[in-house]
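Pasting in a structure now, in structure tokens, and then I'll have a few things to ask.
Chain naming follows the written order as A, B and C, and within any one chain the residues start at number 1.
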Amino acid sequence: MAASAAALTFARRISRSGVLFPCSRPQVWGQAARQPPSILPTQRRAFSNNKILVELDASSGIATMKFKSPPVNSLSLDFLTEFCISLEKLENERACRGLIITSAVPRIFSAGLDITEMCGKSTEHYAEFWRAVQEMWLRMYGSSMATVAAINGSSPAGGCLIALTCDYRIMAENPKYRIGLNETQLGIVAPFWFKDTLVNTVGHRVAERSLQLGLLHSVTEAHQIGLVDEVVPEEKLQEKAAAVVTQWLALPDHARQLSKSMMRKAVLDHLLARREEDIQNFVKFTSKDSIQKSLSVYMEMLKKKKS
Amino acid sequence: MAASAAALTFARRISRSGVLFPCSRPQVWGQAARQPPSILPTQRRAFSNNKILVELDASSGIATMKFKSPPVNSLSLDFLTEFCISLEKLENERACRGLIITSAVPRIFSAGLDITEMCGKSTEHYAEFWRAVQEMWLRMYGSSMATVAAINGSSPAGGCLIALTCDYRIMAENPKYRIGLNETQLGIVAPFWFKDTLVNTVGHRVAERSLQLGLLHSVTEAHQIGLVDEVVPEEKLQEKAAAVVTQWLALPDHARQLSKSMMRKAVLDHLLARREEDIQNFVKFTSKDSIQKSLSVYMEMLKKKKS
Amino acid sequence: MAASAAALTFARRISRSGVLFPCSRPQVWGQAARQPPSILPTQRRAFSNNKILVELDASSGIATMKFKSPPVNSLSLDFLTEFCISLEKLENERACRGLIITSAVPRIFSAGLDITEMCGKSTEHYAEFWRAVQEMWLRMYGSSMATVAAINGSSPAGGCLIALTCDYRIMAENPKYRIGLNETQLGIVAPFWFKDTLVNTVGHRVAERSLQLGLLHSVTEAHQIGLVDEVVPEEKLQEKAAAVVTQWLALPDHARQLSKSMMRKAVLDHLLARREEDIQNFVKFTSKDSIQKSLSVYMEMLKKKKS
């Protein structure tokens, strides 16, 4: 019952935001994007809500989602809801076959889950938040689009997870950027489906060490262990991402999608079968005094850092 | 019922070709092979049907199967039937403990499944064909012999699969050769047991990208990702293959075979449990108008290329 | 019944040796270790039985177990019993959070299972012995401590297994040292949980080849394939091991332990679910005339080597 109610809440939330369900056509495209001279006005459309700018180049079939939620693109409930809505629109848009995910905020791709959503709120809120995190992962890891992460900044925890859901990861060469599932460092534990996604990408042994130590890898190291597929100078990143999606879109969609599904189905089914249980676990864990306390300490630290 | 009938058909086919069932001794060895001066006439025997030349050096216990089905050693129903018969003979031959698989056709190891078997034929034919492909894989991946692929030419799709079933892969150094499961490029999808075999060899991440893009890897790249174990100049290939089998045969057979079985059993059992279902899927997929059409187009393209 | 009886025997054995059960406090610490001047006498305690020297530095929370059972630290029933007792003591000691495993015998880490325990004994003895091997693995692979193997000598078979159970492996740079699961070379087969541990560490393909050939890898090769994580000059080994444990202990214990458990649970559960069956298999296999014979031959060979 609780589970269904939570599911309803999330559905309503998406509904309120104007999400269009599968098989319907997006209605909210509108605001025209600035367009390069070489592309006809009718071929490039954009829609933007508060936190993510989405541009679709209809001639190439490639959409770009730019996270623009300063200071650090943290994954709040609002952000995640907007993310899922945008994904649903794009999946339903015939003209859209590929997706590039990148950041409009300098030096940060995404800092991961918004800790304020996990601190001092009701259990219902924790459940709704966690369902949204799951939803984002399910949609991205199971996306029928060819997806490329153009990682133009640091990408810890949930930010790293988003990158891991893509078909290909390109990271900007920058000695200051870091990427990894560093939950352990905060005294929390990456959920099993974060772990499954990491194991599928870097293998069991690297994942085991990286998760236990909560490692944030440099760009070079991330490349060496296969956490990112390619490293390029920052000014070449978007161009390279477009070239890679184009390469993936050269394949027949149906065959590419079935191959992707064959590789990811086991891990997707793993969460689908245990989704409500996973939400309960998260709520129970987050509600613990000890966890609330250490999250508060962490938030204070972040605040002091800023000021 | 359909399944049993198809199984019977395949069994009859093997039977007509003179296959010997387990525990019986091969009777059809015959035609003497040309023998190098250093080996006594009684120690080297060969048998050849139309498409594969099999030589057994009884002194070393190493058999060599040479694909000789020009122009491209494609895996037709006849080829596969002969392949399975030869394998069964060798498995039942006590003197035979190791196997080298290579090609007698220049520049090609095997081009993979014969598309003419999948085009414009009856559903019964598709089922019989697919059962033969499964049979080949089950016998090779589960072989009690130490098996080495001496890959002396390009090896796409089903050709790559044969190489993947071996215990060790050595490829000739040649900038023109390619190897990979490139099914996606043809608009079709590698079956789950092709995928399982690839994942066991190169790991999940490399397999995911390679399958989705239908990559045909250069020899250097295949070596880097672990798709082949070793690269040698073409003139050293057979010698190296013999040295490797000899190394594997230095181990006690029983312990080596049990170790191999322990590693491969899960994936073998996976197909055995779903064999009929997998045949039905193949037949259904292949019978689709859209697939028939794209295979026809592909065949026309191949014909034009030749002329 | 047989299984319970064997379990009881092993429990009694541990009991006779003075093992302390979970939640109780160790009572047999005693004999003071030689202490470096910089550490206060009360901060470093040691206990030693016959075969393993255990030192606990309470200030750092790091224990060191030194195998001192010449000539080759072979894993006899006595050794394993003492090992499990020491582990249980340390797990129950609040002050202890990290563990370094190393050897006090020059040039050898551990030669693996003591073959005399598998030769010419009763089936009850084989069962008790095997239960002790399982117990060691279950405790080490599932340890809540951060564990580091400081591999200062060769480490074949069961010796390699001990190293594989740790969270991190550092090996001394020495061209003569070897490490690997070489069971096949002795005509026996590594059990499935040895295999699972190896696959989790080096991946499926490397494990498949290494197990079939019973490879003993050089230090360089072991590093290349990921069987060890780091190679250092022998004189730096202990210092490096301490630095690594310290790094692991910088993480919150609870989060680190849950992450470790998440990674290893499937493989641990695999043995727990089949433990008695696995013992029966071992007893049946070991009791075979052919195996007894080949083990005798091997033991004779070892004796001749010594003299």
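In this text, a contact is a pair of C-beta atoms (placed from the backbone, for glycine too) under 8 Å apart; a residue touches a chain by one contact, two chains touch by 3 or more.
Just so we're clear, the structure is a prediction, and the values are computed from it rather than from any experiment.
J.: If you fit chain B onto chain C using the CA atoms, what's the rotation angle, as a multiple of 5 degrees?
T.: It works out to 120 degrees.
J.: Any idea if chain A and chain B meet via the same residues, over half in common, or different ones?
T.: different
J.: How many angstrom lie between the CA centroids of chain A and chain B, rounded to a whole number?
T.: 41
J.: Quick one: which residues in chain A touch 2 or more of the other chains?
T.: Answer for chain A, listing residues that touch two or more other chains: 203.
J.: Along chain B, where are the residues that touch chain C in the complex?
T.: Result: residues 167-168, 199-203, 226, 229, 247-248, 251-252, 254-256, 258-260, 262-264 of chain B touch chain C.
J.: Over in the complex, which chain B residues touch chain A? Could you list them?
T.: 183-190, 192, 195, 203-205, 207-209, 211-214
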